[in-house]
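One structure is given here, and the rest of the page talks about it.
In order of appearance the chains are A, B, C, D and E, and numbering begins at 1 in each one.
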Amino acid sequence: MRLSRWLADRWVMIVALLVLGYLALPILVVAALSFNRPSSRLSYDFNEFTLDNWRQPCATSDMCDAVVRSVQIGFIATVVATVLGTLMAFALVRHRFRGRSGINVLIFLPMATPELVMGTSLLALFVSAGVPQGFWTIVIAHVMFCVSFVVVTVKARLAGMDRRLEEAAMDLYASEWQTFRRITLPLVLPGIVAAALLAFSLSFDDFIITNFNAGTTVTFPMYVWGAAQRGIPPQVNVIGTAMFAVALLLVGLSSLRGRRARRANLLAGPS
Amino acid sequence: GCGTKGAQQTEAGCVSEDLSGTEKKLAFANWPQYMDVDDTDESKRPSLDEFITKTGIQVTYTEDINDNNEFFGKVQNQLAACQSTDRDIIVLTDWMAARMIRLGWIQKLDPAKIPNVQANLLPSLLNRPFDAENRISIPWQSGLAGLAYNGNVTKELRTVDELLTRPDLKGKVTALSEMRDTMGLLLGSNGHDPANFTAAQFDDALNKLKKAVDSGQIRKFTGNDYAPDLAKGDIAACIGWSGDVIQLSGEDEKVRFVAPDSGVMLYSDNMMVPNKATHKGNAEALINYYYEPAVAAKLAAYVNYICPVKGAQAEMEKIDPELAANPLIFPDEALLSKSKVFMALDEKQEKEYEGKFQQVIGA
Amino acid sequence: MTRMARETPAGDLRLANLTKRFGVFTAVDDLSLTIEQGSFFALLGASGCGKTTTLRMIAGLEEPTSGQVLLGDRDIARLRPYKRPVNTVFQSYALFPHLDIFENVAFGLRRRGIRSVDDEVTRMLSLVQLDGYGNRRPAQLSGGQQQRVALARALINRPQVLLLDEPLGALDLKLRRQMQIELKRIQTEVGITFVHVTHDQEEAMTMADTVAVMNAGRIEQLGAPADIYEFPATAFVANFLGQSNLLAGEATGVSGGDVAVTAHGTRLSVPAGRSRADHGPVHLGVRPEKLILVGSADQVPAGHQHVTGVVTDASYVGVSTQYLLRTSWGTELSVFAANSGTSTRVAVGSEAVAYWDPRHAFLLPRDAADSDRTSPVLDEPVGASS
Amino acid sequence: MTLLAPTGAGHPPPAPPAARSGRRRLLPYLLLLPGAAWLLIFFGVPLLQLAAASLYDPSGSLSTGYAMTWAVGNYPDVVQAYWPQFLRSFGYAGLALVLALLLGYPLAYAIAQKAGRWKNLLLVCVVAPMFTSFLVRTLAWKTILSDNGALVGLLRDVHLLAPDGRLLATPFAVVLGLTYNFLPFLVLPLYASLERLDHRLLEAATDLYASPVQAFRRVTLPLSMPGLVAGTLLFFIPASGDYINAELLGTPNEYMIGNVIDSAFLVRLDYPQGAALSFLLMAAILAVVFGYLRRAGTEEVL
Amino acid sequence: MTRMARETPAGDLRLANLTKRFGVFTAVDDLSLTIEQGSFFALLGASGCGKTTTLRMIAGLEEPTSGQVLLGDRDIARLRPYKRPVNTVFQSYALFPHLDIFENVAFGLRRRGIRSVDDEVTRMLSLVQLDGYGNRRPAQLSGGQQQRVALARALINRPQVLLLDEPLGALDLKLRRQMQIELKRIQTEVGITFVHVTHDQEEAMTMADTVAVMNAGRIEQLGAPADIYEFPATAFVANFLGQSNLLAGEATGVSGGDVAVTAHGTRLSVPAGRSRADHGPVHLGVRPEKLILVGSADQVPAGHQHVTGVVTDASYVGVSTQYLLRTSWGTELSVFAANSGTSTRVAVGSEAVAYWDPRHAFLLPRDAADSDRTSPVLDEPVGASS
């Protein structure tokens, strides 16, 4: 009785943690392998513990450049796609206008298009327009395929949001922009954050479309893909693990800091 | 009315300029880990660095060729439009080199500028059908496609037929998704010549393959990714490449490369200067440099593929006598006699055979 | 940015032929009225009669289907809400869930670019008796506390027009009275025009300069509270605002300053000045507290009129006792008798006479089909509330 | 003023000042402009070229070029040749979707409603696996599912798997890979809409005799519909076009339509066929999507 | 599945030492009370005193920090809400936005597996006067209409215990009275135990069998409405429920059945039966309506006690007039005089005497530091409401 009650109260959280475990499982393998000294370039089996990979995470030529480049591209593409996508989501949820369904198709199609098709046909466009491929063509491509994901995610949050709060803000002298900035944005923020996270991970992880539009620029997934042809250097595992850890650390710290700030506020009284 | 123009280029129609006189630069695109690196500092590439020091030519080395088809897709738009690919040297496998040459996308080198090639290229790689004068595509490394097995999980393997039928191997076999390698071995196993076969013979071999796929004997078709699986034993036996298998044998001698008596496939990855590359002269300097036996030996000692440079074996003795004696790096006559180069295909044949093969391998 | 035109001379708030339809349903129907600058205007009406919709159109949150909203001479009907010198206390509060109480209250000031809001907000929170609650989120407050935040949030802006949509409905009587005093004080001091929706009739009657009674999207009567109470214009108003005993009768014309009425066989009269009809079907109305109960017709003073019946119910309810008197024709009249401690009780079941001064009666036109109308029959409130 | 206006009684009210209403009517278009322009230029234009390619004479070649012969026959041809892969794509993606819903809904719900201040942390845990390259992740899965790995050993020991049974190179592995790789696409939008769920409504439901299951079905689920629909789409659409998982974790018998398109463009160089396959895939997906949206009754979510 | 135990004999609802803390803040403090099965129990108290929190614990929506909730002999404190034969009308309505009105009302029935709900729902909608609104969504209703849906949604289930958290607060007086009648009728017919939170004191007084006055998480007084009103237990109750004039004095013991009190130099007395203290600092309380205003001390009848002062304010407010009488020591007393049409007015500024029957006074213990306490000074309500 006691136990079943306990379970009934917490099973959702327990399942959630199990699913997170499932999501993290390969990362654990990757993390373990980051401490491995492989028996050969072609072996992924755990062989011998070593810290060498962590000591020299950039030992493999160009790998860290590729990581940095991927982060840069991911960052720019995320910001641009999130802004563009959020604007579109607002237009679609908050306004009735001619051509809505056309716009909806335009948003769904990129998701429905095989990556390869998207990659090659975009490349054809760049070539026929004489645009040299490289960093910025990658950014353009990434923004293009991230926008749809952002729109759909933000819309999910926006749909059915309580308009009365925005009305109250307008009533309290907040212009459209201020209402957006002070009320709508904070309330939609979880959706926008989720969309941005999606966009970043899409961008950071994309190989196919990037590969076609990269010219001679190499991103991290391209590097890994290439390296895989002859055995992945163990430092790739270091980068994988580190990216994961850094993401967790940043968020962990920021939520801790947020809490401390709030506590300080409480002591200082309203500010 | 609005179709596409052909991608075919002619020497006259697509003229490239050589700025090597003024620009000491070279963009070299190669496969990953196809270049020797320093044991202690993996960011250093000794042979390449030496070239840079010697000539003062700044080499931008990128490892952005992972797959022949993929790379072709990546540069075909530019080359078809007679635009620069921003690369001065690219390295591609025979059949892809043949295709590009056929399409008129590759610049001819000046034989006078690459004397080492003329002097040191392995005889068996001389005057291949797609480059009769040895001045368009120069082998970087060569290799063999044959059988391999992991002795920890299965008993010895000798023939292609065993691979395709032995019940204990069921579901533990892979073959290469590279049509010429897999089909070459199968043609050979049927007693046909991969260098010269008929459409009917091809179909016979393909049927044999199809049976093995349908029965579940063959688990999948792979690129290089079979190697870790073979090492682990998830795959017991496969069609694979010599270089990879030598690597694995070094770790675990029970992993073996087998050259079946019915024949092995010999291929090369070739250096080429694409149209509109502006540093042909510098490229020639580099190609010539890598055909110095000492340099070639240094490279071969690292990458473990078949070294296409005569005299490198002697140099290798100085570096690593054991490697110098390895027939899979410096093949002996016995092996060379078994090795075949796949028949040159024209565009139509290529499409037809590739189409049929892809149907069997599932895509 | 949105620097308010607070300094500009405000003006009367005028609604001209304001109509709002939701699909086929008309929520506000051709409403016209003028609310004097600086006055306290109360809007009463049944649930769903269109009060909130009217306020929302004034605030600019609902686009009128037709009609104008004028402030002074300016038509503001199409001005964006934040450009209007109007604030609202929302019926649903609409507190910002992501901001704490302090920031909720400071919101309007901050939007107007005011930097130092601390003092003002603290004072306002104190006024609504929520000192120390500044750091909480709305979800951590009780219903009444949330309502007070909504009040403070609007009040702090001291707009030209303040719209209050049942701003005190969730407060206990004592607190409500205190808030009423504060509201009235601020309104008088600052000269804000208040438009106040309330279901607390005492609130409307004691605070408002003008009361409008709405019914189904229209105004039924508009005037000073006492005027409306003493001399309602329609049967709806007579029974919506307080209770009335309405007797169906026929008016037979004016004679000597009085309208003669025959009701249920009895001849009665009402001063012409308190009659809205002088012939044809009428309702003669008397409020329960204007009826005095005595044992027999002898005790009726001269000049008064009376009705005889049987007491069917007497509920002692603190300040007063409510009696029900069933007349010979079956209608039950309400009679309130104050419990001042001196008056005598009348026993249930006994015959009694209810009399009134004709000057306390009023006469309304009646639909021919209508009969007597009295208020809902329920134990009446103790004086507790009054 | 009104007196001067020529409109008589009964006419609509005088039009509001043109400038403001004009701007308001333009607003949605202004909001859409940058994003839509981006998509039109970098997606729409190439797509038109592709549309043309799908109608080229299939007998053309790279070196000679392709003639536009409006060869609509390309479409029935590819359907006939590759319908099994089409079916398989939707089958696997659908199966993976079901799995992902079972795993993803509780996860999204827990993060949105139960995680408190760990919310952001858990959220990042959902996407952080994506920060390692997909190839690394998939190789890790291969390690986990390896024929000689601990998991297979265990399953064999408890006879859930035949002694020579395997997980790798089976439909199971492919579906698992799809589920894994696209799970965040389902979880994030779902989270975004569940985060908004008003707890008081759940309380009201349980107060009205709804058991947890019923409260979920009658209140939580319908209120999270926008997120669920969005998540389902973000999961299903890319999953049905995916080919990497089939290639790395499956065998030729698991190949999906993406593999075919890949081979048509890259290996066989059959552009008309590749283009026709792509359009069929898109059309099929759009049909599924719009059909689904109609059934889900959330067209306003569109 | 969730087949309710409605048929099982219900029982009294008992709260035992119920406590709820939010962090350090104690919202409900060691509350114990018994609510008889089938009775109508009203919970009154200032905004934020813990009423909603108490109801939520009974409904099972809030886990008590400690204490028990018993229904009959069963401790239901840890029973799931849906397993409790308890329904709630939420203060915030909590209507399901995705369901139409019909389905909102039908919700509880459907969850209990009842198939044919149409008739029942239609009847219920009609009862709350929302016929024809079944197809609308909650957002398309006015505030009062939404509240009625919340009421219907709970009422339709006829649970053993119905918790009503200000269920009529958004309704106009007339509708509120009608709903009160309906509630009372259902309660009596079906024998449901009602726990009713309201700020409408008349509502509490007229409808409830028992009233509890809460203050800061605790019960201050509990009893029959008239008892509490007539003889409040604390100064808080005396002024929370209606108004009182509390004079600070010193009790000097019982003599002859009366407690003698000296207040501001005047000697007064209160019957011992109406005294909660007989020596030390006390408050002598008289309600405003129990005070009668006359011109001079001669007019005070025998056996009555009086206080002299100056009339500082008179507001005519319909049913009654409220006077403020400033005593010689400065306190302003409230006096209500009924406007029955016969009583004479007292002029502002004139001297007057307020007298009362000692049997209408009451005596409460007083903190030594406390002085006189009277109610908030505001124009008092018209009789309109009563």
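The rule is simple: contacts are C-beta pairs under 8 Å (C-beta built on N, C-alpha and C of every residue); 3 or more make two chains touch, one makes a residue touch a chain.
Just so we're clear, the structure is a prediction, and the values are computed from it rather than from any experiment.
A centroid comparison over C-alpha atoms places B as the chain most distant from chain C.
Top-ranked chain pair, ordered by C-beta pairs in contact, is A-D. Here the spacing of chain D and chain E, counted between their Cα centres, is 57 Å.
Inter-chain centre distance (chain C to chain E, centres taken as mean C-alpha positions): 22 Å.
The distance from the centre of chain B to the centre of chain D, with each centre set as the mean of the Cα atoms, comes to 38 Å. Under the contact definition stated at the top, the residues of chain B that touch 2 or more other chains are 70, 73, 225, 228, 232. Shared interface positions of chain E, i.e. residues touching 2 or more other chains, are given as 92, 97. Multi-chain contact residues of chain A, defined as those touching 2 or more other chains: 44-45, 120, 124, 160, 187, 225, 228. On the side of chain D, the complex with chain E involves touching residues 198, 200-201, 203-212, 214-215, 218-219, 222-223, 225. Residues 22, 44-48, 51-53, 91-92, 140-145, 147-148, 165-166, 169-178, 180-181, 184, 199-203, 205-207, 225-226, 229, 239-242, 287, 289-290, 292, 315-320, 336-342, 356-357, 360, 375-386 of chain C are the ones that touch chain E when the two sit in their complex. On the chain A side of its complex with chain D, the touching residues are 8, 12-13, 15-17, 19-20, 22-27, 29-30, 33, 44-45, 83-85, 87-88, 90-92, 94-95, 97, 100-101, 103-118, 120-122, 124-125, 140-141, 143-144, 147-149, 151-157, 159-161, 187, 190-191, 193-195, 197-198, 200-202, 204-205, 207, 220-221, 224-225, 228, 232, 236-237, 239-241, 243-244, 247-248, 251-252, 254-255, 259.
On chain D, the positions that touch chain B within their shared complex are 52-53, 56-57, 60-69, 139, 142, 146-148, 164, 166, 168-169, 248, 250-253, 255, 259-260, 262-263, 265-270.
Every residue of chain A that touches chain B in the complex is listed here, in rising order: 39-45, 58-62, 120, 123-124, 127-128, 130, 132, 211-212, 214-216, 218, 222-223, 225-231, 233.
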